[in-house]
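So that we are looking at the same thing, I have put the structure below in structure tokens.
First chain written, first letter: the chains are A, B, C, D and E, and each begins at residue 1.
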Amino acid sequence: MSKFLEVENLNVSFPTEDGLVQATNEVSYSVGLGETLAIVGESGSGKSVSNLAVMGLHNAGSTNISGHAWLDLPSGRVDLISAKPEELRALRGKEMAMIFQDPMSALHPFFTVGKQIAEAWHLHNTGSKRAGLARAVEMLDLVGIPDASKRVNDFPHQFSGGMRQRVMIAMSLINNPSLLIADEPTTALDVTVQSQILQLIKDLQKEFNMAVIMITHDLGVVAEVADRVCVMYAGKIVETGGIDDIFYQSVHPYTRGLLASLPRLEQSSLGHRLLAIPGTPPSLINLPNGCSFAPRCAFAEHVGSGLCTSTTPKLELKREDQWARCHLGASDVSRISQLQIGATING
Amino acid sequence: TSSATAASASPVTGGTLEFYTNGEQFANLDPQRNYTGQHLAFTSAYFMRTLVSYTPTAGKDGFTLIPDLATNTGVPSNKAKTWKYTLRDGVTWEDGSAVTCEDLKYGMSRTFATELFVEGPAYPIQWLDIPGSGGESSYKGPYVKTGQDLYDKAVTCSGNTITYNLKKSVPDFNYYMTYQASGPVKKSKDTGDKYDLHPLATGPYKISKYEINDEFVLVRNPEWNKSSDFRTPYPDKIVVTFNVAEDLRDEITLKDSKPNAVNLDGLAPANNIKAMEDPKMADRRWNLFDPYVSYVTANNAPGHLDCLLVRKAIFFAYPAQALIDLNGGTKYYGEPGDGIIKPNLGLDYAPTTGNIHDKNYKIEGNPEYAKQLLNDAKKVCPATVKRVTDPKKGISYYRTDTATSKKVATIVGDGLKKAGLVVNVSYKPSGTWNANLEKYKTETDLFGSGWGPDWANASTVVPEMWGQGCCNYTSNMKATGAQAASYKLFISNVNKALNELDRNKQASMWKKLNQFGMDQYWYVYTAFTKTQDYWGSKVGGVDFWDPQGTWIFGNLYVKK
Amino acid sequence: MAENILEVNNLKMHFEGKRGFSFGSETPVVKAVDGVTFNVKVGESVGLVGESGCGKTTVGRTVMKLYEPTSGEIIFQGQDISKLKPRAMKKYRSSMQMIFQDPFSSLNPRHTVGSIIESSFVIHGITPEGGVKEAVRGLLAKVGLNPEHINRFPHEFSGGQRQRIGIARALALNPKFIVADEPVSALDVSIQAQIVNLLDDLQKEFGIAFLFIAHDLSVVQHISDRVIVMYLGKIMEMAPTFDLFLKPRHPYTKALLSAVPVPDPKIGRAREKILLQGDLPSPANPPKGCVFNTRCWKAQDLCRTTVPEVLEIAPSHSLACHFPE
Amino acid sequence: MAQSLDADAQAVDQKVVLRTPNQIAWSRFKRNRIGVVSGIVSIIFIAAAFLAPLIAKLTKVDPYALYLDLLDPDRANFPIGKFGGISWAHPFGLTPEDGRDIFANVLYGSRISFTVAIITSVSTIGIGLLVGIAAGYFGGKIDALIGRYSDFLFAFPSFFMIVALSSPLVERLTGTGLLQDNSARLLVLMIFFVFFGWPGFARLIRSQALSLRERDFILAAKSQGASHYRIIVKEMLPNLWATTIIFLSLALPGYLSAEAVFAFLGIGVQPPAISFGILLDDARSKWSSDPAYLLITSGYLIAIVLALNLLGDAIRDAIDPKADRQ
Amino acid sequence: MFNFVVRRVIYTLILLILVSISVFYIFDWIPVDAARLICSKQCTPALVEANRIRLGLDVPVLEQWWRFMQGLFLGRDYGQGAAAFHCPAPAFGYTFTRHQCVTELIAKTFPVTLSLALGAFFLWMVVGVSLGILAAKNRGKFLDKASTVFVLVGTSLPTFLTGVLIIIFVVLKFNLIDPLQIGNWANPFTDPVGWLKAFFFPSLTLAIAYAATYTRFTRSNVLETASEDYIRTARAKGLSEKVILRKHVLRAALAPLVTMAGLDFSGLLGGAIITEKIFGLDGLGSLSVKAVFQTYDLPIIVATTIIASAFVVFMNLIVDIAYAYIDPRVRIK
């Protein structure tokens, strides 16, 4: 079955003064209509960069991009990476839309929200100004802004953070796109507002049968919204699979580490130590040889003859529909981690 | 000297005659303020008549007085203590009313309003039979009116005849009557300070526009009667353009780009030479001695240059050549002078002895001789010598802060340094220079300026420069101490000469006094300067008016 | 029962309208903290949670006397420090320290790690045994950094490491009380755990009392003995951690807890969520009555008119609500 | 805990660049070829200015000497020869009328100009730092007061005030007998520059101090009990140097040309002292007869200002590469 | 907003009052005796005293200020007795060296300054802003580099040199304009060509330095704005680069220019001293400078100083209010 968006071997790098920043490395993922893909990973792991590449929002001059991103349109498959700027522009906002992390700065401070929303509509539709504005009110209503017909004439700074994020959502969905990329849409928001926004996105997805890519570093958010998950580390996808696979039987030591290091609300974790992953992520300029995670990996020593530090592992199918970039097999991982947890708690 | 040759052609009536200048305005048009040769010549030629005028003729004849508003050039009596003039008939103001004796009386009374008018020649304050001393009079002018009765007695009108009663003999009184300051002002039209912008015309022209910094326009005065005047107006309109940048001004003159116009300023020295040597400009220029003597006076008050030998040393060390060269050389700037009386004053001039005629005098400066003099001076006045050679003190020299002035000061400082003298220059803002003159002249040691006689008599030179005159403010003779006695004698001799009615005797007295002052080295440098003037190729009737040192404006016309 | 190291009584911190270089643009008074009362016992770790802008940081800073409180008492080690002048305050500074949220801005980029940490000694004129340098090395080791890095600059370290430097600085003078203002919220998940563990260890090892400010409830739950829930400058609920998380009594607490995303899809799916309406009102213009009434699903007329008092409903469990759960 | 220690050590060691901000700025600067060249040129200009007496001695020209015999009395004492009398002995030619060596004069002129520029920039910076930090750090009433005061100062037409007030003030200063004419003129000019110059810089520093004040490391110092003095000197100042250096790189050429502009209007030093303004004013009035004079003197000034501006740009790029000024 | 405006207006008035009072105090304090200066060469104490009264300097400074203010609204008499005369409101004083009410002088010189300032303003805004935008758009390319050169030259050339060089090497060299016409006032409505001839080159001179600054400022603002998040949002909507630049980037990037331009312009209204001097323009700047250098004509000096301050202060007010309209974030509460 072909997915609505299929990203294949995406490489994005930035030449900088200090060297070439390899922001994403052989990244592949896909998402179907009505499906939510969560991309999770630490700050700087390449989550935004890869999706900006899909949207064609990178600065052409100072970015090297290779690979493919196929969009399965009724008119045929389009490779977003090699598409001409004009083609891409016609698709942006119409077929695919994106909302960003910081709703404070993502809206133009000088224009009313109504104008900004309507502008997106006018771009891909013909209609009078009044029609555009009416449509904007409709959308604001849809995303739950009370008193929408009045508030269209307000400026962004007159809205609170959560409302601004709603405005952003309204703006991105005004043309019924089939793909919505949400780049950490709730990171800047409070938990109470966050759950409102997540709920909203879920509802809208259902209503419009959209493919959603949810970028986040919060595993809690992932657990709430995702159907499938991609875990990224240092520019690479280290593990990908269905939501339950990733949470309950993850293969990659990094994924496991992440899950183990979370303080949890539900199971009364009072008193016992968290299982931290030691060290910090590597710089993207000079990636270490072998597996990028190896220096921090507690499993590496269990792999023979320094394989982890010499050979870069491939993304392999470890279980049904679950890939991981690790020299270890699925069963090895669960065996060793059992051992380790025991050691930490006792020691 | 070669004067204009165009005079032979017959003048043409009509057209617009133009003048251009870097200046921003006329220094003064108000009759009681007007005191510079060119302005006097300009105003009297065109629109403001006085009782008496100089003859509008080139050469010596120009000095001859002719009646203008009056029917004669003045009738003295009582040993020249009383002067009478009778007004001509048919003279009118530009508003059509007749010029009366009262107008004349009122005009002169304004000279006494010193709270308003101080720029003009204030001789009447000293002369008129009204008590007072120095610049102060018991009469305070027509606005304040204090002492009005005293003035009314000194100047009287009966019908068309006006009588001036003086407290001393003034044989030259009629010359003063050529000054606008003696001229009429119509009381009802007097606007006080503002009168300067639009004095009422009596001549063939009247002011139609005067915008400072911009333009001054004269048009024909329809109320003027040819029969009442010796003047013949030629151009229909006369326009003065102010505020022409110096570069542009020079450019216009050099290229003759305004052929119907006259350059009121002259040119910058370098361009001046260029223009003088350009054969194509031969009939658009002249180079003549002007009436002025340029001088640098030495403050001989105690604590200043109170030592004759020091003054003399400065005189001989003075780098005259460099200064003259910088201004265009002897050919155009002028020559070192031998006194304060210039040869073109005629009767009163004779070469002096000493100074530039001394065998030790060198035009480029003679520092060796100056050193010798300083050495001698050490015996007589060691304190002064010490001061003028002390690098921390030196000779204080105040100058205005204009560009040329700075160059001059530099050259003077450099020249005197060669003789071991130290010059300490202070540049003072040129705008407020005059206002601070009183202060400056007592503070500085050297002080440069220039002076031209008010009329062809050294009585307007020697007393003004070295004695107790009325109108020159640079004189800083405060000789006291050792010099007090000889200075007192000098003053009494000056006063004698002033009262001398025999013109020839008087002349020889002036010559002696001139020699005396030069022997005192009251001046450390004098120059007899020249003037170069330029006009466009279409300007005719160009003649030099000796008494005023400028064009005979009334003769100028625009060629067809 | 252990005695209080800190007692805060009816503390208010109102920020005056701001005036600056340009006349005319003045901001209104912000009642960032409006009458809070709580205490911290010796060696106890108290968590302070609430939404952004509810005044957590302000409480922390006012307690540290970085702001001059508008009114109220701050009794530290038995002494009311709320009105002390900076000089008199210095005496208490060595016993109370602060750890900051942003590891990037809390370290002066122009100073070396060594000079950052040793400044505590310099300011208080203390020369520890074995010299300042030695003490700094010791502190670095204590927080898990290489003592050899003493001469490096902050920008050479990662966020987690910087936060360790900040912690070392706070530990230098052996404080009895530390205000930790969101010490981990700027860090990545994988690093967060390292720091949480470190703080946990330090608290246990040295018996330091903590006021632990956070908006991440799971972190607070992990580290605190007691939790204070704030909303719009006021305390809503205050209870031992276990009680609070098990059985929240205030509607706001309940909503807050239910809003926290759980990193476990199965539980997440099963859980019922309370979705609050709208956003936090502005502290410059708070609602009348109970400040939470505008978003509370249980709000009644009483709530809109009358401010609920903070009442102790169970031992060390206080609440400000007319209609508790 | 031992485990995490190792990993951290490794992470740090693995970093590519381990340099202080200054080192980074310096290396960035070194890579900028225009910056380096203009830096060298600026240093040469400055050195030439301050070593002027030595250079004059070596080249055997006296800036105060009047080479009158090299002037042409038939051309109103303009230099003999083409291009304003350029020769080996007088590489820039001679001034018309008084025959001073232009090369020596330009050097001496730049010495005064540099002195004025440096003293005023440094004083402006001193006052601006003091006041700006006071306003930004203490805030409140002090800030308001300083703010109002600088509003007040900004309301004056500073350029014209300098023109209108300097000569009376020079009179007053020389009247006291403490100062000589030219030193008084320079002092008055510098006082004015500083007086009207500091509010601008103070505002800049204030806004920086204001944002620094909110930075946690200041609060950290405060919470440790650091005195205001210590906070300002140890914590804030080091973070204000970049701004200060950037300001300096703008102020230096600015004041340099300002000095020339005022000298051109007749304010500032007077001969026999030499400054750019005097030379330029003189040269301007003689351009038609001696264009070389104008070209050489103005060229020299432009070259200095240009070099300093280029240097300033390079410094700014090095310190703060994000702030994209051209 | 209304409150904001009212408060700003009051502040402006207070500032203006303070500044004008200070001007009176300053000119009273300096060692320049205007009463002495206008009596020219021969000053007797009595004369100086009379002048002091004529100039109104015989009363305390505050009263002098108060009379000045009254004169502004009611007109004022100068001089005494028979020689007194009246200057109608707004009376800025009377100059005894030029025999005119200062108001007349200002009325005559202000249009010149205004023309110069407007001309320069227009030129530098057009050149500076468009060059800045072009440079930003072609970042790193030839045009950008060329604009860098322009900026450098523009900021390194002092105005007085630019002016002199333009006169010498452009105007005179190519005989572009009758040199006498430069600076001659021509009414732009009746004689637009004459006006252009009179003001083009002076405006150009003045504009060059400003244009350089504005180019630099515009360029960096455009680049900075272009990297804002909301521009990325606009791109994500599918807007074309042209529209993004025209509508989204410029709007935000040029807003700060309003403040800058307003203040620069008001500064010029007080007189572009150097340019006016070089081109012999008879503007407010020349008027005041000549008043200083020629006779220290106090009434003119005081009047022009106060007028220049008023321009700055009022423009500040206008700019602040205008900015509040342009940037909705400032338009608050």
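We take it that a contact is a pair of C-beta atoms (placed from the backbone, for glycine too) under 8 Å apart; a residue touches a chain by one contact, two chains touch by 3 or more.
This structure is a prediction, so every number in the text was calculated from the model and none was measured.
Within the contact network of the assembly, the step distance from chain B to chain C comes to 2. Among the other chains, B has the CA centre that is most remote from the centre of chain A. More C-beta pairs in contact connect the chains of B-E than those of the other pair, out of A-E and B-E. A straight line joining the Cα centres of chain D and chain E is 25 Å long. Chain D has its Cα centroid 48 Å from the Cα centroid of chain B. Averaged C-alpha coordinates put the centre of chain C at 54 Å from the centre of chain E. The set of chain E residues that touch two or more partner chains comprises 32, 292-293, 296. Multi-chain contact residues of chain C, defined as those touching 2 or more other chains: 22-23, 158, 161, 194.
Within chain A, residues 276, 278, 280 each touch two or more of the remaining chains. Partner chain D is touched in their complex by these residues of chain B: 246-247, 250-251, 268-274, 321-322, 325-329, 401, 403-404, 406-407, 409-411, 413-414, 425-427, 429. Listing the residues of chain A that touch chain E in their complex gives 55, 57, 89-94, 97-98, 100, 102, 105-111, 119-120, 123-124, 155, 157, 168, 171-172.
On the side of chain D, the complex with chain C involves touching residues 1, 4-5, 8-9, 11-12, 15, 18, 20-21, 135, 143-144, 146-148, 150-151, 203, 206, 215-217, 219-228, 230, 234-235, 238-239.
Those residues of chain E that touch chain A in the complex are listed here as 228-230, 232-240, 248, 251-252, 255, 326-329. Residues 151-152, 154-157, 159-161, 163-165, 167-169, 171-172, 175, 253, 257, 260-261, 264-266, 280, 284, 287, 291, 294, 298, 301-302, 305-306, 309-310, 313, 323-326 of chain D are the ones touching chain E in the complex.
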